[in-house]
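Next, two complexes with chain A in common: one pairs it with chain B, the other with chain C.
What follows is the complex of A and B.
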């Protein structure tokens, strides 16, 4: 499960990464590979370690053990300012003493592009997030949605190899959030940069991602495409976190020719393809069947 | 509200007003006698004059004292603000062993009787064989001003959203560059407020200056010396009036910058 999609090269390679804060084990040996150009989500309840993992990739913290490679390069000891990653913060972290254009140009100064080129790239980035002409606005005069766009433009203007997004939509109201979900996805397709999104919102992850890593208690419980995650959750916990599911207790009666015959209490005997049976199906085994098809929408 | 509670409210208000009059009436006497055309400080008033101010203008010793005070005040303001920035930044951002006692010792001079501090410093300086000069006064003033600088700057640093500094690092800026491009501009109003408060405190501090000053008196020490001569009293009143106006101006400026800092970093609560 932990390999990147066949056609994609791994841009972020997370190898048995563990991290503790005092007595709390935030990550317990997490491994995953994030493919180039992929929209990858870390999904889980609060405290599951998803933000910790994102901060390790960004370089704000160092793992206790294990390593993270970005584009083949080990990142141990490389500070955040030298990593080819940029982050959109949950609070957006727009510099209040700079206007919109100065915010977007902040990281460009180090590149010494010259006034004209800097200006051109800032305008380009602002146009990309539909904020063309907002350059001279003060950052305190922006709405929540606009702040988020500025944060996006500020990160994307540096053309990072990986864009990290820490719950970027959680501060927006429902309507704007749904609009931004579609727009983020469109933006990601347009720029072709790898996006790594941290979220606790199942719908958000399912709508936007190519692949999702569902995390509980500092471990990845399942790493799969939204479709697989939805149809074939590996455990009851993943299933109930992903959405509203119906659960049936069943006993396996027999296995034959790729089919599993199960007996569901109160419903009688049902045949299902073996590929859909959770875990290894063997006669006499009792298990639970999660039905995603009855999910409320 | 019942009639009893209203009556009680009226009494409390009367009490508050009386209290404030008692507190500020002496200060109001300053301009009254500063412009009073008489050689003695006493009622009835004798008419308007500015001659006490021209006496000040023609006293070179006074000018030296003013210069000494400015020198001490500016040095104190700079030093205690720099120390305050370091301490506030450390305590707002990091946890380290002994943090609470260290901060406690920084704040302690705030509640220590100044005369104790002054005598203790004098003993130590004499034991060390250091000559008393304006710099020994600066030393004492830094000790009493740093708690104020720390308190102002600490709230400025605490109000600063940590993710702003992380964002700067993330965008490729170094730690030092981040401090100058993000941290300092955002706490700048706090820095200015700290400079102004420390300067104001140093300017009118008497006890430490009196003990630690060498042959060059600061302004408060000079004024104290003048009080022995009754004839000089009206001009001291005039001087006091000028100092009052200056102090108020500085305090208002400090508060203005502190509030601006709060607006910029989105913090709450006040110092004054």
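What follows is the complex of A and C.
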């Protein structure tokens, strides 16, 4: 597992970005660094600002303050069509007047590759998403899962530095969604492109991501690997959002040799490894222990 | 699994046959109800559209001797309609003027529809309302108003003279084909704006963002996504303007002078002063056939935009 983030070069550098729509503060000074080749998820309930952040990276909106650098370049004033990012839209936004191959080739035209090269890259991209031979299909004759793959191929064929995915799986049925989660992860490994995924589905984020930023109310509550997020959520809110947890009120009795001894009302004294205890555990402190062992499947 | 599954089809088959009867009879009931509902307008359409049309077609094969119609079948009227120089001239001119009107109307309507669909924000309803304001006055009055604007002592000439741009009034403004084009283009503008507006507002905004995301600047995005997706509206607008303007007779009569006369004026003369209804009918049927084939050709040329996506 390649979960470490320290050694990765930051491809997207989000620096104290704030954005308001009228009276609504969608983002309140968010900072994060997304590493090159990373599968990064923005996870949160609807209205937490995750899609806003994605749209700021894509260039559909400009931040009110703060800045976003992509591959070291400031993006302020750079329109979406000139940014090295591509997006898979929630609605997939497949052009209805073009067939599958024309949809995939849409962004290639600007590169003036010539007929043969364009065709080769379109075929390659379609093969990558398991749609080889679908090029001449009309876009209206596609199923939801196929539309999603076309949207993916259309973005990947341009070899963007960052691929942005706006809840790409939310319109699919459960079985297809689970299949695509694995597929997307495999694809990301294969192409090595940085993926930034917006989702409200905890399982999806935990399964697919290298790192997850959990967002509430326009702020990042915790940015960590799925493992850390799951084992050591920083707050009750993060814990309860990540999964179905049991919460116990407990008092810390003592800390010794990497163990924390706690007293849980009604259950008695329990020893837990310090690494799993909430941060700042010290003798005499009262706190809550979140047990992640009882997650719903 | 298969043993348990065996009887299932038979059971569903039974269920289907028993269920089928009430379903089909209900369907029949619904169909009868539907027919009942459309029958008054259908009768209306039959009496006021189909019947007169059949009459016109019939008359076009007859001949008229002063006040009596000779009902022996003849193609003489069509022969005259298609060979006489004057009729051909007027037909070609009518088509030409209509094409100019259509082109001008659609080209001018498109930006307005685009503005209302994409940039009017919360005041869309107000704009649509304003676009329909000209309909508050009658068609005839609006044509007369153009006479006031374009005339020898009209608003335009007085204005230009007042500004010192012209020494004597311009005479090419009124009583010619230009005046007909200007007047018709104005009169039909709302009919062109509305279908284009509808087509534009149906375009998913996500598609425009996708085009931008895939590297298109504003102009390319318009040419590659917005325009093709709004073509059904453009085709509808063009047909709505073209078909009736070929047969317009009020406007050329009032502002067209002799150079701006169109086929409908001639048809009117045949039914009126010339007292030759069969020839008028033959001309009308011919004009209808020509306009119809133009419309079909136009739709065929745009067929790839008109396929309904679903």
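Rule of thumb we're sticking to: the second predicted complex is superposed on the first by the 292 of 297 C-alpha atoms of A that agree within 3 Å, B and C clash if a C-alpha of one lies under 4 Å from a C-alpha of the other, contacts with A are read in each partner's own complex, and residues count from 1 in each chain.
Definition applied: a residue touches a chain if its C-beta (ideal position, glycine included) is under 8 Å from a C-beta of that chain, and two chains touch if they have at least 3 such contacts.
Note that the structure is predicted; figures quoted are calculated from it, not measured.
A.B. asks: Do chain B and chain C fit side by side on chain A in the superposed arrangement, or is it a clash?
C.D. replies: clash
A.B. asks: Would you sort A:247 into first (chain B), second (chain C), both or neither based on which partner it touches?
C.D. replies: A:247 contacts neither chain B nor chain C.
A.B. asks: Touch test for A:21: chain B only (first), chain C only (second), both, or neither?
C.D. replies: So A:21 meets neither chain B nor chain C here.
A.B. asks: On the A-aligned overlay, A:106 touches which partner chain: chain B = first, chain C = second, or both, or neither?
C.D. replies: In the superposition, A:106 touches chain B and chain C alike.
A.B. asks: Do chain B and chain C land on any of the same chain A residues, and which?
C.D. replies: 58, 60, 79-82, 85-87, 89-91, 93, 95-97, 106-107, 110, 154-155, 158
A.B. asks: Which of the residues in chain A end up touching chain B in this complex?
C.D. replies: Against chain B, the touching part of chain A is residues 58-60, 79-82, 85-87, 89-91, 93, 95-97, 106-107, 110-111, 154-155, 158.
A.B. asks: Applying the document's contact rule, which stretches of chain C touch chain A when the two form their complex?
C.D. replies: 204, 206-207, 209-217, 224-225, 228-229, 304-305, 309-310
A.B. asks: What residues on chain A touch chain C, complex-wise?
C.D. replies: The contact residues of chain A facing chain C are 58, 60, 79-82, 85-87, 89-91, 93, 95-97, 106-107, 110, 138-140, 154-155, 158.
A.B. asks: Quick one: which bits of chain B touch chain A in the complex? Just the residue numbers, please.
C.D. replies: 161, 163-164, 166-175, 181-182, 185-186, 264-266
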